[in-house]
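The same chain A turns up in both complexes below, where it pairs with chain B and then with chain C.
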Partner chain A sequence: MSSPDEWTHPVPGEGPPATAAAPTAERVIAGLRATSEGGEDLVQLLTPEGERVPNERFDRYIADVTDEDIRGLYRDMVLVRRADRESNALQRQGQLGIWVPLLGQEAAQIGVGRAMRHTDMAFPSYREHGVAWCKGITPQQLLGIFRGTDNGGWDSAATRFHPYTIVIGNQVLNAAGYAMGQRFEGKVGDDSDGTAEATVCFFGDGATSQGDVHEGFVWASVYDAPLVFFCQNNQWAISEPTERQSRLPLYQRARGYGFPGIRVDGNDVLATLAVSRWALDECRHGNGPILIEAFTYRMDAHTTTDDPTRYRLSDEVETWKLKDPLERVRVHLIRHEMADDAFFEQVQAESDQMAAELRDYCFNMPDPPVRQMFDNVYSEPHPYLEAQRDEYVDYVAGFAGGEH
Partner chain B sequence: MPTFKSFPLPDTAEGLTEAEILSWHVQPGDEVTVNQIIVEIETAKAAVELPCPWAGVVTELHVEPGQTVDVGTPILTIDTDPGGAAAPAPAPAAATPSTSDSAEAGSGEEEMKPLVGYGSKAVQAKRRPRKAAAAASDGGATVARSTVQAAFERQQGPASAPESPPPPPVVPDTPAALMEPGGYVPLAKPPVRKLAKDLGVDLRALAVNGDVITRDAVQQAASGAPEPSTVDTGYDAAARERRVPIKGVRKHTATAMVSSAFTAPHVTEFLTVDVTPMMEFRAKLKNDPRFRDVKLTPLAFCAKAVCLAVQRTPDVNAFWDEAAQEIVYKEYVHLGIAAATPRGLIVPKVRDADGMSLRQIADSIEQLTAVAREGKTTPAAMANGTFTITNVGVFGVDTGTPIITPGEVAILAFGAIRDMPWVVDGEIMVRKVCQLSLSFDHRVVDGQQGSQFLADVGALLADPATAILY
Partner chain C sequence: MAAPVLSETNSAASTVRKLTIGKALNLGLRAAMEADPKVIMMGEDVGKLGGVFRITDGLQKDFGEHRVLDTPLAESGIIGTAVGLAVRGFRPVCEIQFDGFIFPGFDQIVSQVAKLQARTQGRQRMPIVIRVPFGGGIGAVEHHSESPESYFAHTAGLRVVSCSNAVDAYWMIQQAVRCDDPVLFFEPKRLYHSGNMKAEVDTAATPDPLFSSRVVRQGAAVTLVSYGPSVKVCLDAATAAEEEGRSLEVIDLRTLSPLDLAPVFESVRRTGRLVVVTEAPSESSLSSEIAARVQRECFYSLEAPIMRVTGFDVPYPPAKLEEHFLPDLDRVLHTVDQSLAF
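Now for the complex of A and B:
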């Protein structure tokens, strides 16, 4: 499923799905405008055609990136995309309650994910499957929350990847507080031994209209918190175009809060990697916070519950396919003979196997014990909650036939 | 061996209960691969393509395109092991997927279990039985648990009632551990806590099952048991109230009005008109031999004005056909005249009023209202109106917000004609003034059409000579 043609119409030659509504003229214009307005400030190191373009300011941040590393970034993106497509299909087959596709945002997430150290903390929204991958969380671990069998699925302290936050923008406050803590505990400033820390907070263009995001900006700014605000501007807040969120490019908002903002091509994994490394480095040395606007595109629906054909043209999607984050790396690798057919075949085989395992895991996922939902609500034992739990477990045990 | 698996319609969004099958992309006998698109469905939210969960051969489609099916209904069956020798049984028919499930190996059925957010109908409707009461009462069951158990046993009816344990006392329901200092604080809002403190009430004594303690509960605890509430009505209801059965015209009117008010979004507009010229014209016509033997009421003028104005705004003379999802524009006017009769509200129709002269309309109204007052109006005479005038003016009332007769889209209330101060050419003069109000169904008629129609009727009454323009 890596051919762009198969993304929206898995059966080649099939037309768009029939729907009751069509996008308004206003939305069409807003959506198409986004395809041409990355702006001159957009940091890009790899063009959609796979050409490496020099950049005086950011080249040094990826000077150490080897061919092997680029192949690794490509492999990451292929596997993450495959896991995403497989999970999307599992939802359509009734195996997941909902799925939030990341299709098209692989480069933005892998770029920043691979720029982070293990000690850097991440506060995701609910679409950061690629960042989770970089943090060592398997696609299997992500499924619980979407299948409704788990409230999280991973140890957020050990992985340094906070649980998914469904409330829009809410994680920005948590991240600001966490990053302030990093500074108060002296983990910022001296990075000579590589122990300095930073935090990355993820949110979308829609979240920038939320009060929580504003508050997070203010707190992080005035306390010089080592926090990278990583905004994936995927052009659509469900059905609302970015034009309805801001009258000026989102990265320029940072200036009003008194910290730097930068716009990077979110479909360019090298540029995202370089800019993220720069931003994290600044934060670790006490020059945070920084806002990164990763200019990208949500190729699929907002969630499996959404029908994007109601508010945007497939022309727009087609245009963005030309800027596909995977294809440009693939072309780059081939053109400069940095990878051979065997490599691509091996990645394909690996993704096939991973998809089959993910499928198998999902179909056979056990239902968790009833009492599990009471776990991890408070950090310390809580008598009232324990009483509720015991009462409920007793109640459920009263039914004949099975533990739950 | 062939292994048959049936694919239940999933909930593709959050909490959908059904979907329409738009088109099948596969047919029986087709080989399918995992994630191959097999069907397109349309839910309340979106048109969605469903990928196949298994590889194999399609053996049967259970639903037709165009059919709306509940989530959880098997929509197709796939043989996931078609290479197996000697297929014993044909694919299960539409009605028998459950049979095939039960016949299958346990593991196969396990895969088909409802998993997230929905369940197949059979599973959803089933309620698991409780264990026997004996099982519940052994060991140290907590008070809370026995409360639940007891409540359940009571529901089971008299057969098992004798065996159930006696209901436990209700109040000291809180587990003892929670009563210890520092362990648990009863839930109550800050003002209620303050009140309890002021009144010297211990909130812990009021805690029941961890429910939030209300202001009432605190006040009640402070003042002791509540007094039994017996309301003294002060009079014998039977002697001073009269009860009339709802039937006949009253019942019909009530049904029609409720149905209209709650299906058609009503908009009412008002217009005050100087009808002096019309009244002068009427006085003139009364002396005309051709109108000698007819009662030429202002209502007749109003009816004629309506018939003329409809020509310019046919939208008000239409019908919202909900079933057919069409708006029916009528090229004729059956004008309903609302008449108050001893039996209640009767609305006889002036048939084809648009083709009538003023004299003919006046005749018809006179005749119809006479029949109505005698209570002799036939149901046929009241059917199939296209527009209604309610003459509230005869009751000396200025205006109202009439409710549209079901099956029509507009109604005009014709108010009383009074001598009123009116500004004519910058001077206050005594003129004949009346109010018109038009209610219309906003599904069909917009403000522009409604206003135009009302203004036209007003203009015709204010200056009957403008009729020559139609």
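Now for the complex of A and C:
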């Protein structure tokens, strides 16, 4: 089977060079300004240098966060990044057909993921490996999608983590419906016993152009659904910068639909945690929906088949490296003596072990049985399909060695 | 109508160049843009990046951002604004990034693109081309390997074509752009950059009419009918069959709506046997349509029931199972045997 690299990239050396990708100097300057500054409305609690900045509105949402909790957030991010890098490497080694990197978006995802209760539902797109982690889904369980053995190996009802959705925007309406259901079942309003629920749906900056997303805004607002729209603005939709999708900062879109929108530093795990807690709390009390724009950056390619050097400059990536979501927490922990060397060594050891286990698992993943594609298309018998299945399974068995 | 780019890279005299299907499409689009300033490209990532498959590579650089549009991410938006641009006199060529992503644009295609000509009693033309990389075999994740052509062939007001080789790719895309009707243009994505599919394209040649089918290999025992990526599967099957002493005729439909079945009728009257090969599932599909028409026209010539080798009637499976889903040489030959043994 050909690899995706072969089909998305012409044979090297053929055809004209990628000159079309070179932007003008003006556009570079404009682009850099647009893509690295979050603006004055950006909620940030931890600077890129690891300094805690007080915030009158949001401090109270992390007042209970202990040193140990911050170490936990850091550990989450390290492990999630390591799983991402390992999976990326597995693709390079031909073990996965494709990988969708999360690199750079760890704080955005761990922040919201750790703000959610188990009973809160998540509707991911396809890059939410960090949220999956918080929902108790192992990095192993994500691999099937990318190796091509299944379309998601987890129990979405038990984990409250819907299957990944690849068609841009589809899941936003699905999430709105789910959240409407939470409301219809009386799970919104009174949270005195901690049983109120909310839903978070995930989508990108590019997705905000899709009709389904706008309809999701309308439905959620008209039905006062307890839905947090969590938009990770990673500045790029494959090769298109956010300015191709919107004239105004994305969080400001919410106003037109009649609910609050807020921009958080998506590379700041504390800020994302605080803002997400606030938003979930509002939703559980019946004040939803809410749009959170997590201002972040896609540090790696769109997927392993993408070549970002064709459309963006390395300076931009360098600028964002200075805002790394893990580094600022590490510096914060060290500067305030909230973690010692032993802690960092232990996290490192843990991440090494996790990576080894992930590799081992991946190398040993069996191919699915042929029958799998015929099963569960319908819940009730379907004679035409069963006939196709039986005939084909017999046909395959007729080859020497049987099913292969 | 040789494109200047050719004379730059080739010796001035030669109009012949060996091209992959992807490159042939790229040059065909370039020629279409040079021939008519109203031709514009629009889609996701088609500009700076040149499309995820690089089919529009270099066009934005040479024709500018107003003729090659990196659009916002919304297929309904792409198709819907193409309709308005067409009303304004443009000839939009829309790229749908992958087959499985055409559905957000389905409403605009079926409700506006397909119907505006009839609704306005011909006062409004709809010269829109919608390019769709289609089919499987690339080891992709969900929604990237589908064959949705039958939905569109089923819709009155749309023309649907598919190319299977570089020569057709170069000419058919230009003919589609010149057509005043809306054309859904299905491109065999897994063959885009295949070195094996390189063919000599003579840019000074006269192409066959767009809406015509063609016998691509002559044979006497069984007729194979296909289009797009499956034509290669049929040709490979015919080569293998010949080694075993069976002679298969292969017809490349090229046009899926309207169907041009005259060459198929003629062939089946000789062979008495027909096998239709598509990646698309079988139920209520183009392959059903072909079977229905052939049995009506060639009833007394048929020596065996018309048979089909198609994708199964299931959602396109995960990549590790796609070799089972896709019609391959073995399944085609197996079905040929069944037809001959009938």
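What we mean here is this: the second predicted complex is superposed on the first by the 345 of 404 C-alpha atoms of A that agree within 3 Å, B and C clash if a C-alpha of one lies under 4 Å from a C-alpha of the other, contacts with A are read in each partner's own complex, and residues count from 1 in each chain.
Assume a residue touches a chain if its C-beta (ideal position, glycine included) is under 8 Å from a C-beta of that chain, and two chains touch if they have at least 3 such contacts.
The shown structure was predicted, so the numbers you read here are calculated from the model rather than taken from an experiment.
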>> For A:Asp150 in the superposed arrangement: first (chain B), second (chain C), both or neither?
In response: second
After the superposition on A, what does A:Val347 contact: first (chain B), second (chain C), both or neither? neither
- Task: Name the contact category of A:Leu291: first (chain B only), second (chain C only), both, or neither.
- Result: neither
Could you look at A:Tyr384 and tell me whether it touches chain B, chain C, both or neither (first, second, both, neither)?
-> both
Tell me the contact category for A:Tyr395 with respect to chain B and chain C: first, second, both or neither.
both
Max touched-residue count on chain A (chain B vs chain C) belongs to chain C
Practice problem: Once the structures are superposed on A, label A:Pro368 by its partner contacts, choosing first (chain B), second (chain C), both or neither. | Solution: second
Next on the checklist: If we overlay the two complexes on their shared chain A, which of chain B and chain C does A:Gln91 touch? Say first, second, both or neither.
Outcome noted: first
Have a look at where A:Gly206 lands relative to chain B and chain C in the superposition and call it first, second, both or neither.
second
Kindly classify A:Ala237 by the partners it touches after superposition: chain B alone (first), chain C alone (second), both, or neither? second
Where chain B and chain C land on the same part of chain A: residues 1, 10-11, 14, 18-19, 97-98, 147-148, 305-306, 310, 384, 388, 395
Listed in rising order, chain B residues that touch chain A in their complex are 7-14, 22, 25, 34-37, 40, 42, 45-53, 111, 114-118, 128-131, 136, 141-142, 144-145, 148-149, 152, 175, 177-178, 183-184, 210
The answer for chain A against chain B in the complex is residues 1, 10-11, 14, 17-19, 86, 89, 91-98, 147-148, 304-307, 309-310, 359, 363-364, 383-384, 387-388, 390-391, 394-395, 398-401
Chain C residues touching chain A in their complex are 20, 22-23, 26, 44-45, 47-50, 52-54, 57-61, 70-74, 76-77, 100-101, 103-104, 137-144, 189-190, 192-193, 195, 283, 312-315, 317-325, 331, 334
So, in the complex, the side of chain A touching chain C is made of residues 1-4, 6-11, 14-16, 18-21, 23, 97-98, 126, 144-151, 166-169, 206-207, 209-212, 237-240, 244-245, 305-306, 310-311, 367-368, 370, 372-374, 377, 384-385, 388-389, 392, 395-396
